[in-house]
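Have a look at this one before I ask anything.
Lettered A, B, C and D in written order, each chain numbered from 1.
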């Protein structure tokens, strides 16, 4: 049985995901970076099947995923020919590339309204029959609705300011699930609040579907979580935390725009108080764009604290991290878990899953915990629900 | 009720412990660096009472702990006058300061045999009535006996080559417990295998006592454990681990002597395979002595791995860490836990406690686990046994 | 013979300067951090005499420098009582504290016009008889005039938007020199373009005076200059440079305001092309404010390059640096050099001096060079001009 | 006109040199990492011609440089076919691979005496007609002779303990020069004291030849030199310096053997006192071998100091550096300079050249200086002697 996946945003993360699963299927790549690769899940990595891809960048729409991948990662990775079979389709824009040096057009521009665009998507998806829709588009400003009616009204009124692209896709996936009776798993690894939006969670429950999110936890944030847990367990008193991130991919470029940066700062900072128990002063955010670094970002982190007898210790962490593959590796699990969750009758959202894979885990009001704790809680949960096989 | 503590080795760790608990009792110091300070244990930190101190350095024997502390940490800490009431007594040497620039003499030199020295200690302890004996002496070469008779024979034969000072102290504490019927908790935070020596564990069981050990887990080792767990959970493939440690205290000076260094290298390296599941190539050991660094060591660590799509990530950690206070903070817990364990009828050794506090946890053959896991297992265990109060 | 100094901006730098020279005079402090301390200059460090101090912060104006110092550094340094003799006077504000959480009032607010304020200063200085005026006030947005008449007109028109406080002080010092016939050395260690403003340089030449500037070179910038020189000399091709700076003093707080940050970014970035010969992509700027770090900033820097055979090397530098003392140490030289230069008949500005001590050396259009080169050029120059004695 | 070069020790450095110059000749590689590439020297890089190669490893002797290079760097670099024309010849062993996991045999083993081996080399070189002989063999224990007669006697007596392989090669090159009347430049980039051995310098003067050495300055040592200069120029007082180096090439493997490590520690440490003016406590040496790191070593360095007002600053440097290419790039200059020096009538040794390119510059008793200073002194010297063309 296949796990049928649609990617929304055919950028670096999506491309690493697409290339990676094809290479794993061909037996040429070990599944390093896939957390649960060593467990036997209900669905194997090889069951994952890419059935659709959406973007709004005129340079990508109409190209095959193979062409996009060749251009993006062709110099560092072999790109499997199988990716020629998937063509990037036009998605909903809603300004999520605004201010960035790309030419973008959305279905709503072509069809005249967001509602028409959503309906067009639903029709396409009825043919593509996805089990999983993954949002890996550019980080955009977005606010939760919490009330279903407010979300519905925003669509009706074609309120393009209030409505984020993420919400439009989430709503489309819900309609698709409701119309067809097929459950869908929406995997949201960008900062838009979807799993933290009561409205979305409610709709997904109703449609026997699930939303997992928000904002994939890769790179410095989960590491910081575990470092803080390490300190908290020794009752060390943290004076401050500084964390710099700089990279040269378009994700970092997008995050130089203040309101997008703000979205990340929020999801990134949420760990401090949740883990330490007090809000240690911190500076944690994407710091800058430096083109030659490409997708291999540079991270620097400074933490200092009071130890026994009131003396002061100090820790500096520096990293060079391949940004997008890290998230792509998580998607390999999330796709498989997402589908199985709905099959096990788990609808709405699943905190135990979000707590490990996401920076700001839904549902609304959920606490962050250290990743190592979240990992063991996740394993327990997946065993209990039978998603990890005995 | 008091927790009566004897310190073996009045060095920096013992001194930070002695100074710290007095300052906490006087209300002038927050118990940062004491892992369980935020829990209510059967014994409070203020219940800890220092009743005896042993050393073999002629510069220390006969001085009060106050005098020793003034000299060692008087420039950075206020030294409470209450420490004037404890005088450093002569312990058993057995060569554990050999090759180091200190003039040392042990009871066995004065009394002619190790057996006589052990008996002298037992007599003293009958008066001091310790609940806890803590070994914080200089790291020395030591090998386990595993058979009780071999240990007994080594004492009988006055075999000063085979017998480590740590073993002599452990044996003395056992005799004291047996003779008096008072349980004792031996806390061994140096690399000598005591909690990993079947012979010692057996004797302690017999005497309704407990040995906790071996080698206190502070500084880079437990952090490395948690970093490796972090990587393992994401199925990243670790290429190699380099970890340098340099400091200017006498502990680092002692570790420049190859056979002592070897003792540490073993306890430090044991984490790699236990946590990753494979023996990633590593260089982990105390690397050098640099006097101006004093007790605030410099640590540098390099780890790199394969992530998703076969790409390579890299992590560097640098730290300045107050070496001795870190261990002193752990001793504050270990003293309290040690006494309560025997009161709860738990004898021999206690893996759940060792796994968090020790680099190479006994009993023999036990695995290391990441500290974050060990922490939660510890909390569960302490709640179950009632050592942490509801 | 004394070097009579006025400080403009009684902040951390000025305070470290004031405290440090008094401590050196009393023989309780070695002159570490003073570059030329090991040379015999015409004026000894002990010849420096603080004769006046200016600020616009209502918390400081009217207090003695002793009181200000006690509050600012009293917890980490002994503050000499001699500083009780200098009271902080009100200076010209011109909005240079705007947007910051301080209550400020300038002479121009009291006296109704900038011209009146300048004249008031000149009158005071005629009594204080400074040889050196040092601008160590908050970084402010400022643009050069280049034409003397434009500067004069801005004063006449009371054009408070066009005129920076730095320019007002510089103009006052010029008038003072012209009126009295006493040469003055204006030392500008903030980013305002004064030594790079043709108008200022011209006026100072005319008044047999000198302006040294701009923006004191301490911390990461001069180190980066020397690292880049190191790479350039080996013909390594630099891919990119990322440099983060974060601190908790009010200087960092001020630099969170974009237009002030811009001033620093410009002076900091000017080294790259000048030293490498090409404009390697870089991100170099004050990055954030984190209060607990205080005056001891955290710096992180990443540089990577192509080496022989086209392979890639990588360098990361991390620092904890006392920000203000570093600049105070330079001021000790600059005061002495400044006065001697005018005595040697060197007027306008002196590139050789600026090139070592300043981030963006005047006169306008001057190149940056690595600090090590600049140092030896400086020593030569000072020997040639007799400022360093044989 | 060609610069005819013989390589002694066909290891990684020699291989990067051989591959690099061929790639530069073919126009496929920019000469990054060659310090003087941007100057016009008397000899161009393209004039360098490899005419011979020596080794004693049975795995290499008899193979072509192409084969050796394919195996050593074939996975990361294209290996030019032109290297098929040079076959690795058997050199003099004198135990310089002893204790390492390689099977080695020297000419002296085949021919019965060191003298015979030296004579055989001289005969071969008369045919190969080298201008430059470069010693890039494994670091070996070696002591200077200082008296020519002692060196000559050691050869006569076949004193294989006293005589290092480096000295044997140096003596052979001298004999070759004397016999043929052709000047030779011996470039010694390993720690053996040759340029610091009065005996060798004297012989080379006599034979109108030159020896440049000792121990190529790449990696952390020259960078440390420049960092210390940076600190010294600001009169900062350095408390201590810790420098760790770990790598996975056979050079690091060799340096795990104590007496070889000692050779490096000496050349590496000589900078501290020479540059700072006092012997700041330091730990500077190759620290360990970690195979997966390969030729890209990891370096970590900690320096801290007293700044103005007695406060303390701290600096940490971490690097990943391609070890062998760095030295190969220097060899490209040294070959060209070496030949031209003899043509300009400069014999014996040349401190100005050594001071920049070598860790421990000859002649005996010479001081180290920071590299940036040495660089400008070198440029002046090369211009004055006409080696850099106007």
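Note that in this section a contact is a pair of C-beta atoms (placed from the backbone, for glycine too) under 8 Å apart; a residue touches a chain by one contact, two chains touch by 3 or more.
A quick map from chain label to UniProt name: A, B, C, D = Myo-inositol-1-phosphate synthase.
Please read all numbers here as calculations on a predicted model, not as lab measurements.
K.L.:
Could you find the chain whose CA centre sits the greatest distance from that of chain C?
P.N.:
Ranked by distance of C-alpha centres from chain C, the top chain is B.
K.L.:
How many degrees of rotation carry the C-alpha atoms of chain A onto those of chain D, rounded to the nearest 5?
P.N.:
180
K.L.:
Could you classify the chain A-chain B contact as same or different, where same means more than half of all interface residue numbers appear on both copies?
P.N.:
Same, since over half the interface numbering is common to both chains.
K.L.:
Approximately how many whole Å separate the CA-defined centres of chain B and chain C?
P.N.:
Chain centroid spacing, chain B to chain C, equals 52 Å.
K.L.:
Let me have the rounded angstrom distance from the C-alpha centre of chain C over to the C-alpha centre of chain D, please.
P.N.:
Between these chains, centre-to-centre, one finds 44 Å.
K.L.:
Give me the residues of chain D that touch two or more other chains.
P.N.:
Only 314, 316, 318, 320 qualify.
K.L.:
Pull out all the chain pairs that touch, please.
P.N.:
The complete list of chain pairs in contact reads A-B, A-C, B-D, C-D.
K.L.:
Which chain A residues qualify as touching chain B in the complex?
P.N.:
Within the complex, chain A contacts chain B at residues 16, 19-20, 23, 29-38, 76-77, 222-223, 226-227, 229-230, 233-237, 305-322, 325-326, 328-329, 332, 370-373, 375-376.
K.L.:
Show which residues of chain B lie in contact with chain D when the two form their complex.
P.N.:
239-240, 242, 244, 246, 248, 281-283, 287-293, 298, 300, 302, 314, 316, 318, 320
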